[in-house]
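Next up: some structures, all given as C-alpha cells.
First chain A sits with chain B, and in the next complex the same chain sits with chain C.
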Partner chain A sequence: MATGGYVGKILYVNLTDGRIEEIETSKYEQFGGGHGMGSALFWDLVEDKTVDGYHPDNLITMMTSPLSGTLVPSASGRTECNFIGLIAYPIGWYTRSNFGGRFSGELKYAGWDGIAIQGKSETPVWINIANDKVTIEDATDLWGLDTYETQEEIWSTVSKGNTDDGTWYGVGTGRDSGRTLQKPAVATIGKAGENLNRNACILHDAGNAAGQGGLGGVFGSKNLKAVSVIGTGSVEIADPAALIAARKEFQDKFAYNVDAPEMESPVPNFPAYGAITLSPGFGPLYLPTHVPSRPQGCIGCYKNCRRRLSTGVSNEDQCVESLFFINGSNQIDQNKATDLLDKAGLNVYDVFNHSYLYALNQMGIMGPGMEIESSLPFEKYGTIEFMEAYVDCIINRTDIGADLAEGMARAAKKWGRWEIDTASGLLDRPNWGFCQHYEPRLEVEWSYGSILGDRDINEHGLNFYVHWHSIIRGMVGQEPAISAEDMVNLIAEGTGVGDPMGWDYSEEGIYGDPKVQAISWHRHYTRFWKQSLAFCDWAWPNFINFNSADGDMSGASPEFEVRFYNAVTGKSLTWEEGLEIGHKIWTLDKAIWTLQGRHRDLEVFADYVYDVPTEAPDGLPMFIDGKWEYNAGLGRTLDRDKFEDFKTRFYANEGWDTATGWPTRATLEALDLGYVADELESNGKLGA
Partner chain B sequence: MTEQVADIESVVELPAPDQELAERATRRVEWADRFRVFRMAAGAGTLADDLYSMAEIGRFVLGTRWEMAGELDAKVTFNWVDVSKLITWIENVAGDKELADAIAGLNIDPKAPYKAQVDLLGPLLVSRYTQYMEVLGPETEESADSEESEGSE
Partner chain C sequence: MADIDKKESVAKAGVSRREFFTGVGGLGVGAVLGGALLKGILLPDEVLAIPASEGYLLVDTKKCGGCQTCMLTCSLAHYGRENTTLSRIQVVQNSFAKFPDDLSIDQCRQCPYPSCVDACPTGAMHADPTTGARMVDEEKCIGCERCVNACPFTPSRVQWNHEDQHAQKCDLCKNTPFWSEEGGADGKQACVEMCPMHAITFTKDIPVQTDSGYETNLRNSHWGHLGFPVDDAGEKMPG
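== the complex of A and B ==
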C-alpha cells in the first residue's frame, strides 16, 4: 500500500439513475493509475463489453495517476480517458485518449483519483465537482454553446462571479470549504459532440483535447455536456525531500537552459528545433513576430511546449491541430482554422484529409452534379473561407458533412472509395481507419503498435529521437548531433532491451527478432509509465540528453521515472516491474478487443502500405552493410508474409495464441488475470 | 511568387520563352498531371499534397525560406520535392525543356541538406517565372496570382 500519491477514492456517476458513489482506489492500485485503472474499472463495470460506443452502458473513465498534481516534471498534468470508441474502422475498439492542462491536478486536489461515468441522461447535464460535493447539473442552457463559451459559463457559475476583482475563488459556501486561485478545470464538448460526431473530441482550457477515439461523441450520446472540477486539497508525498531533490537534479541535467543553452537552432524563430533542445514554446510552428506570445505548459511541466498569443487565437495548440490548415497561405489563417476545431470540439486527425476531398473534386468525382454531390466551395480551396465551410458542414452534418461526421473512413466506404483509395494511398489511412501519422513502412514501432492496438498510437517518446532528430538537423543544414550507432546504443541501454538491433529500421531490421523485443518493450512501457502513470508523451522517455553540459549524452530514463514514482508513493518499484505491469494492462486491453471481435486476421494494414513504395525521405537509423547510418528509406513497402511472420513471433512473445492473437489462460493467470481468462473462455475466445 | 525572392542576381538567365511556352508552362494542369509534394511537420509526420501549376510549385519550394520566418503574413514550412521528378514534370507537363535542363545542370545532390537544395532551386524557378510573366504581361501575372491564391498552395 502506498503512503503517497493517491487520494483514496474514485468517483462513479451513473447518468441514467443519478447515482453518485465512491470506489476505493486501493482496489485498483495494482494497475498504477490512469489507463491501467481505467481498463480494470471497465472490465468490472461493463458487463457486455461488445456494446457499441454510443450505448449507455459504455463507461468513460477519466483517470489521474499518483503523480498528478505533484511536482514530478511533465507527469502532473495528463488525464487518461478510456472508453469504447466510435471512430476506429471497421470496429470501434475499446480505446484511450488523454489530454493535458490542469484537470488531473484539480481532480486530485478535490480528493478524487479518477471519474467513471456510465449511463445516459434523458436531458443535457454537466457534472459539477467541488471537492467532495458532486452534483449533476442541468445543461440545457449550455447546449449549443461552443467549448470556450461553455467553459466561461461554468467558470462563472462555479465561482459565482467573485473573481472580477482578482480575488480567490470560493469553493462551496462555508469558510472551511477552501479558497483557490484556480478557475474550475472544465472538460467539455462542442457542437460536434452534441451532434454525436464520431470524430468529436472533448476540450479543456484553450487547447487541451482528448481527440482520437471520438470521446466527444460518447459524451454527447450520454447527454453529457461537460465535467467541471475544482479542489482545494493537496496530494500527500511519501518523501518530499527526495522528490524535490530529483526534480532539481533532473532540471539541472536535462532541461533546456534558457540563460545559456547548450544547443540552439542556427535559424532564428525555428520552433521545431525545440523537439531536440526541449526549449519552451516550441510547438506551434512559426509564429509571426508581430504577434507577441509566451510559453505555456501543463501543470508541473518543466518544458512548457505551448504558447499563448496576444491575439488569443490558437492558444495552447502545439501539435497536429495547429497543422490542420498547413496548406494555407499564411500563419494567421492557419491559426484561425485551428480555433475552428477547438471551439467546435472536432478532432483534427479525422478531418485532416481535406486534401483528399480536394483531389476527389479535381478528379471530377466530388462536387456539384458529380458522383458525390457536394456544394462545398472547392474553388476556394486553400483559403480560410473553404476551411470554415468544411468545418461547418461536418459539425452540422450538412452536405458531405453528414457522411464525414461518421468519420473519414466510413464516409469513404459509403462513397464507394474506401478500398480503391486506400489501395492507391490517395487516402492514406494505414490502420483502423486512422490518418497516417508517421511513415508506416519505415517507423514501425508506430505502425506495428497501432495495428496491434486500437488506434494511431500517438507515442512520440522514441519518434523524436529516431525520426525527428536527424530530419530537423538536416532542415537547417546541420549534421546529426549524435551518430546513428551511438543513438541506438543509448536507446538499447536506456530501455533495458539491450540489443541495439531493435532500433534498426532497415529492410531486414523491421522484421527481426530484436524488433519483436523493441515493439514489446514499447507497448509495455507506454501502457504503464506513460498512459497509467501519465508521464507526458512529449517529454518521456528521456534516453538522449541533447542539453548535456559535460558531453555525456545519456538520458534521464530509466532512473528518473523510477525515482519520481517511488518518491511520491513510498513504494520501491523497479523499472522492470513497471514494464511487467504494462504487459498486464496491454494484455487486459487485448482481452477486451478479443471480446469485441479481434482476430489476427484483422490486424493488417491498408493495401497501400504493402504495395506502394515510399516517396518522401525519412532519416531513421539503419544497419546496412555492416554499418549504422541515418537513411532516407525511399522506395520501401512492407512485405505481407514477413509482417505476418513478425506477428506470429510477437504474439508468442506476449504469451498470446499465435493462430488467433488471443491471450492464453497461462499468460493471463501469470499476470493475475485469471478472471479475465474465465470470461474469455465462457465466450469461446480464450487463446489455445 | 515573384516578389518573394530578392537574391536571384546570381542565377543564369535563360533565353526568354515565347508566348506559347509561357502560356503552357503557367497553365493549371488537370488532376492526372498533378505534381506530388511533401511537407514535413514535427507534430504530424510527412504530409503529401498535390500541386497543379508552376506557380504553386514555386511557392511551395520557396516556402522553405528561413529568412522569411516571422514576417507579417509569412508562411514557412519544411517543404520537400523530389528534384529529379520535378525536372521530369517541368519537361513533360509544363513543357519547358530549357528550365528542366537548367535545373538538371545545377547538379543538386539529393543527399544534401534540403536547405542547400532549395537555395539552389528556388532562385532559378523565380527567375524563370519572372520571364513567363514578362512575356504574358502584368495583367496576366495579376490574374494568375489571384487564381492561384484560390488553389491548394
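== the complex of A and C ==
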C-alpha cells in the first residue's frame, strides 16, 4: 500500500528474455527511495555482485523518491541511477549517478517509483513507458542517432506528432487514460554509449546527464538506446496545504528574490555569484552569457540554475560541461564544444583533461612519430577544430581515442604514464581515476568521501559554503559575507553534529576526531537526504541564508527537509532518523564494494596528494593559533600515516572492521542488514 | 482526441457565437470598449453576453524558468495531489529550441466572450456570479467535452479531468480546498504566489485580446544584472 509520495510499484525489465514485471515499492520503502532503494534492489537482484559492469547481469536502477514530481523545492527533478560502473580505476565499483530534468516526475505520473533494468537484448531496443503500458521497442532506426535526434524521434513517436503542433494528446487509447501537453521524458545514449565507452553518459533533454560511472556504456552493453516515459497519473500528497505553505515560507525566506534581491553580485552577468545567492542562471559559472537567454530549471526547482540561449547551442549546460573548452577564444566555440559532448553522450568529467594530452604533446611524448603515436592536430590546440577532432576520436575509438574511450586513467596506464604522472600531479586524478574536482589535500570531506566511496562524490552542499563563498567574494573584490567562525558554527548547528571543529580544514583539523564525525555525517546525510530522497545537490542543504531580509543568517536546514518530507509522506521522520537510514545505505554500499574486492589497503590517494604541496590558493575555514580564518592552505600535502590513522578511527565510527574496512555482523544486524552479513560471511569477507 | 476533434463539434449554421468570438480573435468587444467591464452586451445571435471576468493571469514567458512550479502548485491546491496534466496552467517547452521560442505558457484567457461557456449544454461551464471567472460546476458536467473543443486557443485551455471525470479550467483559484489562502479574483492565485521567477501576475483589467495582451514584461534591472534580457522582445543583452 503506497503512502503519500510513493505510487506503489517499481518496474522491472529484463532485456534478455523480455520480462516486464512489477515490484511492490513497499518492500523497499524503509530505504526512502532513490539510491537506497536502488542498492537494496541491487542486492536482491544481482546474485554475483562481482560481475563486470558490461555483464548482462549488471542491474541499472533509475529511481525516484517520494518527493519526485511534487512541489518540494529542488527535490522533485532528480533521478538516481545505480549500477556497476565502468570508469573507476582499478576496479569499476558499484556506483551511482543522478540527473535532473523531468524524468523523475514523469515516471511518478506514469505510476512507477523506479525502474530496474537487467539483461541484454540481442538487438538495439528502447523502453517505452506510457502510464502502466510498458513495451520494449525496436531501436534499429535510432541506433546511430545523436542524443538530441533520438529524443526528438521518440517525442514524435510517442505523442503521434502532437508535441510538434502543441496539442493535447492521449496517453493510452481512451480519454480516461489522460491527456498531456508534455513531451515524453527520454534518457538516451549517443554514439559514445553505443560504442561502449567507459566514459559515456546518458542524456535527458538538452543538458541533464548521468555521467560519472559510465552509465552510457552500460546502456550500450545491453543494446539499450533509450528509456522514454510519459505519465498522466497523480501522486498523492499526505498534507497538501502544509506542503504549499512550507514551500511558500521557504521561498520567501531563503530564495533569491529576482525582482529585489537582498544580496546581489557587484559585477553584472557573473553567474558564479549564484554559488552564494542561489540566483537563477548560475550554471555557466565563470562564463558571462554572451547572448539573450532565460533561466531553466528542473521540475519543481526554485533556483533554475541553467540557461537556454537564443542560439540554442549549449542549452541547459552547466558546471564543468560549460567549462569543458574554457581555453577557447570565444563563447560561441566554447558552447559548440559543450554541445559535442551532449550529442555524443560523453561524460565531460573524464575527458576534461585535454590539457594533459597537450602537455604530453609539448613534452614530446604524444604526437606523430612520438612515443604515444597520435595524429590529433595539437598545433590547433585551443581551437574548436582541435576539440572536434578530440571528441570525434574518443566516440569513434580512433587514434588515441581507442585508449581514451576506456577512460583517461586506463589510457594513461596503457601508455605507461599513470604512475609517473599521478605521482607528479601532471595528471591530477586523486581517487579511483576520477578527475580532481576540489583540492584533495584541503577540502577533505570531498576527497575522503571519494576515496572511502566509489567515485568523485560531486556533493556540493558544504562546498558552496566552505570553498566557494570566500573565493567568489574575493573574485569581485568583496570581503566574506560571513566570518569563518560564524560559518562553521552555523554548519555545526545545522548538521546536528554540534562541534564546529569538524569543519576545520587546518593541518591539524583534517585528521582530528571532530573531522571523523563531520565526514561520517556527510556520508550519511548525502546517502539518504540527497541521493535517496533526491534533494538536489545544487540546492541543499541550506545552512546559511545569504538572502536573509532581517540579518538572521540561519539556514533552512534541517527544518525544511523534514517538513517537506513529512508533508508529502504523512510520516513523522526526524532529521536524525534520516541520517541513520543514510548510515544503513552507506554500509550496504560498502558491503557491495567489499564483495567486489575493496580493502582498506586500496583506499589510498594518488601519490601526488601525499607528496606534492598545493600551489593554488583555496579559501577554507581553518582554526589557526586559536582563531578562525579563511585560509589559502598553500604548501599542504596529505600525511600518509595521519590519514591511515584517520581511516582507522573512521571505520570504527562506522562500525566497520578497522583492519580491513569491511562491515561487521554486529553493525549490519543493528542496521537490520543481517542478510548482508550472511552473504559477506559466506564469501569470507565479513569484518571482524 | 482533445484538439483533434475540435472542428467537428462546431455548429456551422450562420454566424455562430463561437465563430464570432473566434473571428474577433480575441480582439472582442472588451478591447473595442477599451477594457471596460462588460455586464451585458448584445451579440450577433441576440444572446446576452456573459459578465466579464474580474481577473486575468498575465505571464512573462521570457522570464519563465520552465520549472513547472506553477503547474505543481495548481494541481496541488485544487486536488490535493500532484499531476502536471491536471494543472490548469501549462508550461510547454522544447529543450533544444532557441530562446525565447523554446517555451510557452498556456493559461486560460478568461475570454470576454467565452466559447467554453457558450458551448456547454448544461450550464456546468459558467461565469462565477461574484467574480465572473469562468468556472466548471463539476456536478453539472456531463463529460461531453464541447467546452474543451470550443476553446479557440491551441492548446485548449479547458481540459478533461480524466481522474475525476469532469471538465476543468482555471478558476483563478476560487475553488482551492487544499490551499490555506483565500483564492479567486478577489484573493490570491497559487501560481502567482509560488512562481520563483515572479513570471506570472494578476490583473483586474481586461487585457488587449491578442496573445501579446496576456504577455507582459515583468523583468526589471535586477533581472538584467543577472545577464538576462529586459527588453520586451527579449532580443537584446542588458546593459
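Here is the rule we go by: the second predicted complex is superposed on the first by the 677 of 688 C-alpha atoms of A that agree within 3 Å, B and C clash if a C-alpha of one lies under 4 Å from a C-alpha of the other, contacts with A are read in each partner's own complex, and residues count from 1 in each chain.
In this text, contacts are C-beta pairs under 8 Å (C-beta built on N, C-alpha and C of every residue); 3 or more make two chains touch, one makes a residue touch a chain.
Here the structure is a predicted model, which is why all the values come from computation and not from measurement.
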Room on chain A for both chain B and chain C (clash or fit): fit
Contacts of A:627 with chain B and chain C, given as first, second, both or neither: neither
Which of chain B and chain C A:268 touches, first, second, both or neither: both
Chain A-centred angle between chain C and chain B, computed on Cα centres after superposition, in steps of 10 °: 100
First (chain B), second (chain C), both or neither touched by A:381: first
Touching partner for A:233 - first (chain B), second (chain C), both, neither: second
Partner contacting more residues of chain A (chain B vs chain C): C
Partner chain(s) touched by A:179 [first = chain B, second = chain C, both, neither]: second
Chain B versus chain C as contact partner of A:476, first or second or both or neither: first
Contacts of A:292 with chain B and chain C, given as first, second, both or neither: second
Overlay on shared chain A, then closest C-alpha pair between chain B and chain C (Å): 8
Residues of chain A that lie at the interface with chain B and also at the interface with chain C: 268-270, 288-290
Partner chain C, residues of chain A touching it in the complex: 69-71, 73, 76, 102, 105, 108-109, 148, 151-152, 165-170, 175-183, 205-207, 232-237, 240-241, 243-245, 247-248, 251, 255, 258-261, 264-265, 268-271, 279-281, 288-304, 308-312, 315-316
Interfacial residue positions of chain A with respect to chain B in the complex: 267-270, 272, 275, 283, 285-290, 318-320, 322-323, 326-332, 334, 352, 355, 358-359, 362-364, 379-383, 428, 436-439, 468, 471-472, 474-478, 615-618, 632
Chain C - residues contacting chain A, complex: 1-4, 62-69, 72-73, 75-77, 79-86, 90, 92, 94-100, 102-104, 106, 145, 154-156, 159-160, 162-163, 165, 178-180, 190, 193-194, 196-198, 218, 220, 222-229, 234-239
Chain A-facing residues of chain B, complex: 30-31, 34, 36, 38-50, 52, 64, 66, 69-78, 80, 82, 111, 113-116, 149-153
